[in-house]
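Have a look at these structures, which come just after this line.
Look for subunit A in each of the two complexes below; its partner is subunit B in the first and subunit C in the second.
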Partner chain A sequence: MIELLAQTGLNSLYAAAYLSLVAVGLVLIFGVMGVINFAHGELFMLGAYVVVALYSGFGVPYILVAAIGLIFVGCIGILMEFTIFRPLRDSPLGGLVASIGFLLIAQALVSMGFGVRMEHVPPVTQEVIVFSEKVRLPLQRLFVILAAVMFLSLLWIFLRRTRFGWALRASAQDAEAAALQGISIRQTSLIAMFVGAGLAGIAGVLTAPLISVGPHMGHAVIVAAFIVIIVGGIGSLEGAIVASVAYAFIHTIVTTFWDGVIADITGLSLMLLVLIVRPTGLFGTTDRA
Partner chain B sequence: MLLELRRIEVNFGKVAALRGVSMAVSASSIVTIIGANGAGKSTTLRAISGLAPLNGGEILFRGERIDGLFPNKVASKGIAHVPEGRRVFPEMSVEENLRTGAFLRQGSRDIEKDLRSVFEMFPRLEERRNRNAKTLSGGEQQMLAIGRARMSKPALLLMDEPSMGLAPVVVDEIALTIKRIASGGVPVVLVEQNAELALNLADYAYVLENGTVSLEGEAGRLHDDDHVKAAYLGV
Partner chain C sequence: MFVEFKAGGHTRRKFLKSASAMAGLGLMGAHLPGRAAADGHVIKIGFLAPLTGPVAAWGKPGLDGCRIWAEWINAAGGINIGGKMHPVEFIGYDNEYDPAKARTGATKLIREDGVKFIMMLGGDTWPGVQPVAERTGMLFSTLLPSDLGPDTTTLIAPAEVHPIYNVTGVEWLAENKPELKTAVMCAQDDALGLPSVATYLAAFEAAGISMQHDPLLFDPATTDFAPVVTRLISDNPDIVCLDTCYSDYVHPITEQLFQQGYGGQIISCTADFYDQMIDRTSAEFLEGFVFQFPDFDDPALNQPFINFNDPNKFFEVYNERHPGEWGAVSWEYASIMDLWKSAAEGAGSAEPGDVLAAMTGDGTGAHAFGTAEWWGEDLFGINNALVGNWPVVVIEGGKARIKEYKSIPEWYAKHGELLKKHMSAYGQMWDQR
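The block that comes next holds the complex of A and B.
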């Protein structure tokens, strides 16, 4: 029993790692731009397909693929800002609807390019850390956990310690007041889109060797990410991380002991419960970010 | 003239908030704009900062057109705006708020020096430098908003109702600060509902009524004006 719990804990940690990367990017974009990016799951998917194309396809070293994936998907974020969010700046609903359009286009393009079948990425490493007979951690999963901790720490340092990090938080908290300090909202929007999309992309890159990659894989992730940012309190990065960990643990435990559908239902029910008890979410205030 | 508004107009849909307002601010002076609720005082400041786009007229700063610029570009010309309601960044610390005020400046040594001088001006901010701005009292938030504006080393300071909602002692402290800023060589455009305070501080005053300047002149002279007395000073 203890061993089963320990194994479940390790599995949860892995799920929390990539989920929090996705959710934090979503929160960052919402904070600065004021739009819910429905295509965020597709950014995760595009990250995974960078691995399919370059690593499975051409045998480019994985670490290089990770860097390319981060930058490529980050640039897709910048493209989204220029083509949909900036022209629709004063219409949050417009941005949301356009991002759904972007989601469909991304899925269609990937289906045309790669086909709709599930891709299996060859493992980067087969090594497994064996704690005991029943408690094992594949090195690739450890890699995901460590990378998530690293990227989230870098993000924290960027937001708390640098001039542009302050600018990003300032424009999330009060865009007009930020502009009065000389901060260009166009510039902070571009940074938020690059960073937010890049984090989703790197999450896709990291998990691609561990899951089946397909054009619709973004769906499950975005649903979980939405639950997590609502529970965490929309606009709160800390809330998103804490809620990711909590969600991953609960979801993994329920999946292990019952099944995945019940786990999904449990997740949604807990979200409703939190909303009833605390409508602003766990870490939410009435203000954003 | 440092700043000149030439017959500026601002509409919100069908509502005309400013209908041809002209003003001038010279270097080293305090100019005040007084007027009733909804007269257009805030809109005037927001037009200068680029937050409210003009429907007519022009704005010149140091002889150069600044209307039509984005607010961040106006800020980069040296105009700082302490907005109505303070608008400090609630989830950022006092120090982060102040450093954000210096966003456009390079050269860390100068910024540290100015940070120290803001803390000297408002010792209470230094005591609370690591606290989030939302935990401050109204008076402290006003000091923070003024300090944040100072951190940009402005050539002109716009202030929108700095006395609003503050206890009389705090109002006195803010008034003293405004005087010190102006005598330090930074001209101030002060929007106030508290006409008594504003006319005592200012050198020159404009009275706004329904989006037009109904009266202007030396602040001392307006203080003795019968219409101003009856309408704004409550005597």
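The block that comes next holds the complex of A and C.
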């Protein structure tokens, strides 16, 4: 039983790692721009397809692919800001609907470019850290965990220690007041989209060698991410991270000891419970909620 | 969204070129008394299946296989109906595994295209199509006999009796590896997974193999299978059964089994693209993996009782055109067309009612894996499933090989009550669905 619990803990850490990256990106975009980006799961999917195209297709070194994936998907985020969210800035609902349109277009383009079948990326490494016969951690999973910690730490430093980060936080707190202080809302929106999309993209890049990559893979991730940001408090980065860890552990434990369908029900029940007991989420504020 | 093409989608020049090439290879000539030119009108066949989306792997490869089938038939002159040779043309419609789109597609294929027969994957899409079938009397086929019921009089399941044939793999394991005594199973919680769970439970019980715990069901949207696998192998089972998981699940689950150090037997309904699984694990790890769908370059398919035209050549041509895409359904829709063609030629008519009567008239049919019987009243409420032998396939040295053909009716005669018991427990009998 101890071994089963230990393996479940390692499985949970991995799930928490990639989910945190996706959820934090989603929160960042919402916090600064005030739009719910329904296509965020597709940004995760595009990151995975960068791996399919460059790593599987052309044998580009994985580390280089990771950097390209982050920048490429970040630039897609900037493109979305220019073409979708900026023209619809005064209509949050319009931005949401337009992001659904982007979602469908992204799925269709990937289907046309890569086909409809799932892609299976060759493993970057098959090395496994063996703690005991029943407790093992594949190196690729450890890489995802460490990379998530690194990117989230860098984000924290960026937001707390740089002028751009201060500008982002100021815009998230009160866009009008920030503008009066000379902060360009357009510029902060672009930065938020680049960082938020880039985080989703890097999550896709990191997990691509561990899952089946397909045009519709973003769906499961975005559902979990929405649960996480509602539980954590919409607009709260800390809340998104804490809720990601909590959700990942609960979902993984329930899947392991009961089954995956009950785990999904448990995750949704957790969200409902939080909405009833604390409608603003664990770390949310009334202003944003 | 629909895809439409004439058989092969080729130009006249390309058509003549390929026909000449085949004649040169002697592929067709040996079977035909003389090459007749098609002089009748084109017979249109509907292909209503997911061509895009998550379930496309069980639709699109079948259409690709049908394309090859049509080229071969048309190159040989076409289908002989009442002494006239008719070319055949497939009209594809992508239902995206959506019942509403399937219904629209069926209506379009019948009304606008004038098809004589419609092939489907079935499953979740059949309820959308059933009212159209009842209204028009159109003949439909499904790969999933769980669509059958007493009222589905124009629906046939002539290629595979999913999931009943899965019993043959378990039976083979019990006979050849009697030391395996315990099993665990996981499956996606959907219309494909649950009847298969019931079937495997019956097969394991019949074989004297005990389940360590209840089947572990997971949401079809699952992407991380580490927790599922951790649970599966926590009590050191002799056998891990992957049920009828989609290939998108079989791959990551198998990889997790490898990474979490499992060293026992694996059995699965399918192992599509198993070469990629080997790349992600190892040939040693997959040695002995049991499943149910052969590669058609298998020498065991060249036996006289096989009713499929030149399976090895079909596999070769398929892989030339669609490298790495051979899957469980690549040959199945084409094999249904063999049955349909034979029945239409026998009836002297392509009309749905005439073909169905000719196909099922004597209670037997020429299934791809040998002569089979129209069966199913016990389980499906109607004898519209063609059942006979089914191959047990094992990966050996990195290559799938048929180990034995086993009889489904013989298993059912001995253990049918067990199957009904488990089907009932999972609500999968025709009167429960």
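Observations on the structure shown:
Heads up, the rule we're going with is that the second predicted complex is superposed on the first by the 287 of 289 C-alpha atoms of A that agree within 3 Å, B and C clash if a C-alpha of one lies under 4 Å from a C-alpha of the other, contacts with A are read in each partner's own complex, and residues count from 1 in each chain.
Quick note on the criterion: contacts are C-beta pairs under 8 Å (C-beta built on N, C-alpha and C of every residue); 3 or more make two chains touch, one makes a residue touch a chain.
This one's a predicted model, so the numbers in the text were calculated from it and none came from an experiment.
Contacts of A:Ser189 after superposition: neither subunit B nor subunit C is touched. When the shared chain is aligned, subunit C comes close enough to touch A:Pro123, but subunit B does not.
In the superposed pair of complexes, A:Leu180 makes contact with subunit B only, with no contact to subunit C.
Using the contact criterion defined above for the overlaid structures, shared-chain residue A:Thr8 touches subunit C, although it does not reach subunit B.
After overlaying the two complexes on the shared chain, residue contacts for A:Arg169 are found with subunit B alone; subunit C is out of touch. In the superposed model, A:Glu133 lies in contact with subunit C only, and not with subunit B. When the shared chain is aligned, subunit C comes close enough to touch A:Thr255, but subunit B does not. Touch criterion met: A:His216 reaches subunit C, while subunit B stays clear of it. Between subunit B and subunit C, more residues of subunit A are touched by C.
No residue of subunit A contacts both subunit B in one complex and subunit C in the other. Contact residues on subunit C toward subunit A in their complex (touch as defined above): 51-54, 56-57, 60, 189, 216-219, 221-224, 226-228, 230-231, 234, 247-249, 251-252, 255, 259-261, 273, 276-277, 279-280, 325.
Of all residues in subunit A, only 4, 7-8, 11, 14-15, 111, 116-118, 120, 122-123, 126, 128, 130, 133-134, 136, 138, 141, 207, 210-212, 214, 216-217, 219-221, 223, 251-253, 255-257, 259-261, 263-264 touch subunit C in the complex they form.
On subunit A, the positions that touch subunit B within their shared complex are 163, 166-167, 169-170, 173-174, 176-185, 285, 287, 289.
Residues of subunit B that touch subunit A in their complex: 49-51, 70-72, 75-76, 80-81, 83, 87-92, 96, 99-101, 103-104, 134, 148, 152.
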